[in-house]
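Shown next, in structure tokens, is the structure this report addresses.
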């Protein structure tokens, strides 16, 4: 690799002119130390930093020192180009014209026009001292720090750290003396830094600087990085310097094993589920003749059948719209049954949305049987906040929890359905419709355990398994999962059927799940066989 | 301003709103169900609409039920309800989290939330779960307590299985693995064996719960489909078909 | 200070509420009740902070990449509209219209999508990778079959089997989970109450 | 002996739940002792929980590849009985945020509970600041959807749809929305890991996750990921577990023999 001293472009091995700026590279060959990675002048046999032997590329001969020429103030130009602004250039020009010096750029073959422009300033010999570091002048104002740190030529020659710091005497043969400019420290390091792929990463990678590393012999010995390595280093630098890799639009490569079900299979599955759902709209309840109510449903139906006319039942609609799809049909069936038996219903909710859902159910009921009237036969009390504390307050006095009703905002005493009610103990049955097990548990603990009123829970199929222990202990007289419960209840209570025909869909759904279980295992077994 | 708006809405809602309402509902239902064909623009529209509505609805509820009544109390009778002022101040500090320079101010109300919540969780777990559940697991295993003959034995067997099962599931969660020494090896071997049985019970539990959720969710889907069918049916009826 | 004060508040409030759990004393009870009411108020304020975050999140995304701006706009308009309907026009019926004809159908249909997701989850979960999956597959199919409204017709023992499964192994399983969770909850709460952990104290 | 008991009963007011208080008294010294031990560097071996191993790997992978991770923090409300679970979801978020922030990578956190949002924002801000990239912190790296559970699932699914994520980590309180979210995003996300403590949610997450965390394991997240001081809690839990088992056994024996 040859680093162009002017523009820091890294040219391939053997290049004569810089690819980027076109300047001659004849005298500027740098060699990377295989051990520590430091950049060395081509004439070095040992690394200036770690003293490892610098191997030569095949067929390459060490360049005799005598042929070496000190580099032409390269870092200055680099710095100028990179750091100084147009203003500096203008200032420099002005200075040049003041001194009246002629550009000496003719003496420098391969110079770019911009360099030529800067030439006069570099070449302006004012005094012996200034001739040593003439190029500094133009930058004085701009870069005081670097000037202060500038090394004297002697120091530069002695310091192994400074590149191109060869013997001063060897310099002035072909080039003008002015070019023997001592690069300041920053400048001197510039080529190395430019060639260092980790440049600018000091703050990202908390490694100790390579300088402090002791010498480590390396297995891998190569004279200089190959073009490929070079390219890779460049790529690495590009990648590493970016703020964070793959920031935008990064695509996740999904592990194939993680999914198992491609989108097309998913779509097919979903369509099948949809078909199972719409099936009863076409078959219209073929399976309903097979429906056989189970014990829990029959128990509730019997209880309601045995209630005397005018008995008081408390219903709590403790479910949210999310689960209304499952609980509404059962609620409708039970309320229809209760209305047929002309039982008085008092309705409340411990969830804010529940009372609205109850209102919708009762609207349907009053449409069906107009002589079943609000206030006389049923009352909506409203939403009871406060969870446990709220339920406890029901035990002491109903009027404390609900002062007025929900629909007509009248005191409970004015409504005939609630006029005789003082506490929970005045109810004959309590029916709770709920979509979470915690609510039912609260009812059991705070109300049922205190008052011993017959207590029924109508819940979603999802939470039913969690409440079975309460039924076993006898605290729940009946526990009905709503989906199948609605179908069974309509048959057992012989109320107007509206959910009965859904039994087809439930059967289809079960068959679908069975097929899914078979298919997934068949595919799995086949893949397993292929894999082995 | 608000009167004008509500007046406008009132006029609108008497007629048109009730007519277009069911249509909006049916179309939104269809839009969500279009998920069957993957994430499509119609579904995404419904999705974003739902998120916005849910947040707005909850915000309206929180304002009307929690903040507004207490704010009125505070303004009418500050000497009695001074503590509402304190909580409102803490609540405003909570809002500061969104602004970087002030975000540490929210530490104070969060500290209060964490402290009270931890106390509630601790008390709830002790009095609501740990002790009642241990008590519930303590049952007699004597057949005579359950009834005569085979029935008693069956119930007693159930009781044994139930208690052992609870213990097994509990030991399935044991975190420490074997330390040094024979006693430790024996002890951990026992726990591991129990834990394996506990895993089986866990799987049975998960299976049953999964089945329950599957049934519930299918019932929900079925309800929506029936609703849609009824909607179109009513419409066809109205058109005289 | 910005760490000390929140930690002190957490410990004091927490211990006070904990004392309220175990001791019945008028002062402790009344302050405890006020603290719980304060939690409710803070949660309401937090909700408004959340709504601001939601608006900010989508506004930022709209200005940043312009992708999906239509959807995000719909979200923001829906949010703002519902808030206005609920707060500025509480009595107009606008909120109940939005609830009845937009929110309710959306919510219940989103819940209905669970049916699809349950089936595609079953596709993975029912795969017999190990013994555990087999047990789960058998249990869920049996419980599901016994849940059907005509399971009695298939076999009168099926509902009994289901009842036994729910009565014994499932009760044991849930009880074990609840007990374990209670243990975890207690130690986690103790960590917060004794300030071993203070996730609320931001530097 | 009876006299002493009677005296005790008289001394303590009726309202005090003696059993609960006794349990707490049993818990406290154990907890303090083991936490001090853990803080002073004492360690013990834990059984392997694959989900936590997976989380560690996923976080490393995310940091290396720059693909963001989505952490779902659930709907446990701070200040309610689900505070402990919410705190564990924040612990997991803290773990992911710290590692991701160290390399200044993106992260997405979503929650259905606004109180969690505020504390998660604090955690992310602290993590970014500690890693030396305070300017990378954006309060909107955390998104609040909800508070309705399904609105959360829908919103988070929408957010994940915009940009594919390496993993979905759902730890905290989840109900059926966990399954909803996991399945709706399963073809946008590389891996799904998570769990919740309640049985209903745990069953669903077990079915839909690649690696599931079940029940009490949720509370072990800190000890398994990056908080050795939580080992003290685990030790306490293990001891109290044995106490509970013994209590059940002794209780059964006493009941069966007719002493109670």
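Just so it is clear, A, B, C and D label the chains in written order, and each chain counts residues from 1 on its own.
Note that in this section a contact is a pair of C-beta atoms (placed from the backbone, for glycine too) under 8 Å apart; a residue touches a chain by one contact, two chains touch by 3 or more.
Bear in mind that the values here come from a model prediction, so they are computed numbers and not experimental data.
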{"item": "Between C-D and A-D, the pair joined by more C-beta contacts", "value": "C-D"}
{"item": "Distance between the centres, which are taken as Cα means, of chain D and chain A, whole angstrom", "value": "19"}
{"item": "Intercentroid distance (Cα basis), chain D paired with chain C, Å", "value": "14"}
{"item": "Intercentroid distance (Cα basis), chain B paired with chain A, Å", "value": "25"}
{"item": "Averaged-CA centre spacing for the pair chain D and chain B, given as whole angstrom", "value": "16"}
{"item": "Set of chain D residues in contact with two or more other chains", "value": "17, 20, 24, 77, 79-80, 83-84, 87, 115, 117-119, 122, 125, 139, 144-148, 150-151, 154, 158, 176, 179, 184, 186, 199-200, 202, 204, 206-207, 214-216, 220, 234, 237, 241, 244"}
{"item": "Two or more partner chains touched - positions in chain B", "value": "33, 35-36, 44, 47-48, 50-51, 53-55, 57-58, 61, 94, 97-98, 103-104, 106-107, 110, 112-114, 116-118, 120-127, 130, 134, 136-137, 163, 166-167, 170, 173, 202, 205-210, 212-218, 220-221, 223-224"}
{"item": "Of all residues in chain C, the ones touching two or more other chains", "value": "21-22, 39, 42-43, 46-51, 53-54, 56, 68, 71, 99, 103-104, 107-108, 110-120, 122, 124-125, 136-137, 141, 143-144, 147, 166-167, 170-171, 173-174, 176-181, 183, 185-186, 188-190, 192, 199-203"}
{"item": "Contact graph of the chains (line, ring, star, complete, other)", "value": "complete"}
{"item": "Chain D - residues contacting chain B, complex", "value": "17, 19-20, 23-24, 44-47, 77-84, 86-87, 115, 117-119, 121-122, 125, 137, 139, 144-148, 150-151, 154-155, 157-158, 161, 176, 179, 184, 199-200, 202-204, 206-207, 214-217, 220, 223, 234-235, 237-238, 241, 244-245, 247-249, 251-252, 255-256"}
{"item": "Chain C partner contacts - residues on chain D that touch it in the complex", "value": "13, 15-17, 20-21, 24, 27-28, 31-32, 35, 77, 79-80, 83-85, 87-88, 90-91, 94, 114-115, 117-119, 122-123, 125-126, 129-130, 138-140, 142-148, 150-151, 153-154, 158, 162, 176, 179-180, 182-184, 186, 197-199, 202, 204, 206-208, 214-216, 218-220, 222, 227, 229-230, 232-234, 236-237, 240-241, 244"}
{"item": "Residue ranges of chain C touching chain D (in the complex, touch as defined)", "value": "21-24, 39, 42-43, 46-51, 53-54, 56-57, 60-61, 67-68, 71, 107, 110-111, 113-114, 116-118, 120-122, 124-125, 136, 173-174, 176-181, 183-192, 194, 196-197, 199-203"}
{"item": "Parts of chain A lying in touch with chain C, wherever the complex brings them together", "value": "260-261, 265-266, 269-270, 272-274, 277, 287, 290-295, 321-325, 356, 461, 464-466, 468-469, 472, 481, 483-484, 487-488, 503, 506-507, 509-510, 512-514, 516-517, 519-521, 524"}
{"item": "Complex interface listing, chain A residues touching chain D", "value": "243-247, 249-255, 258-259, 261-263, 266, 322, 437, 462-463, 466"}
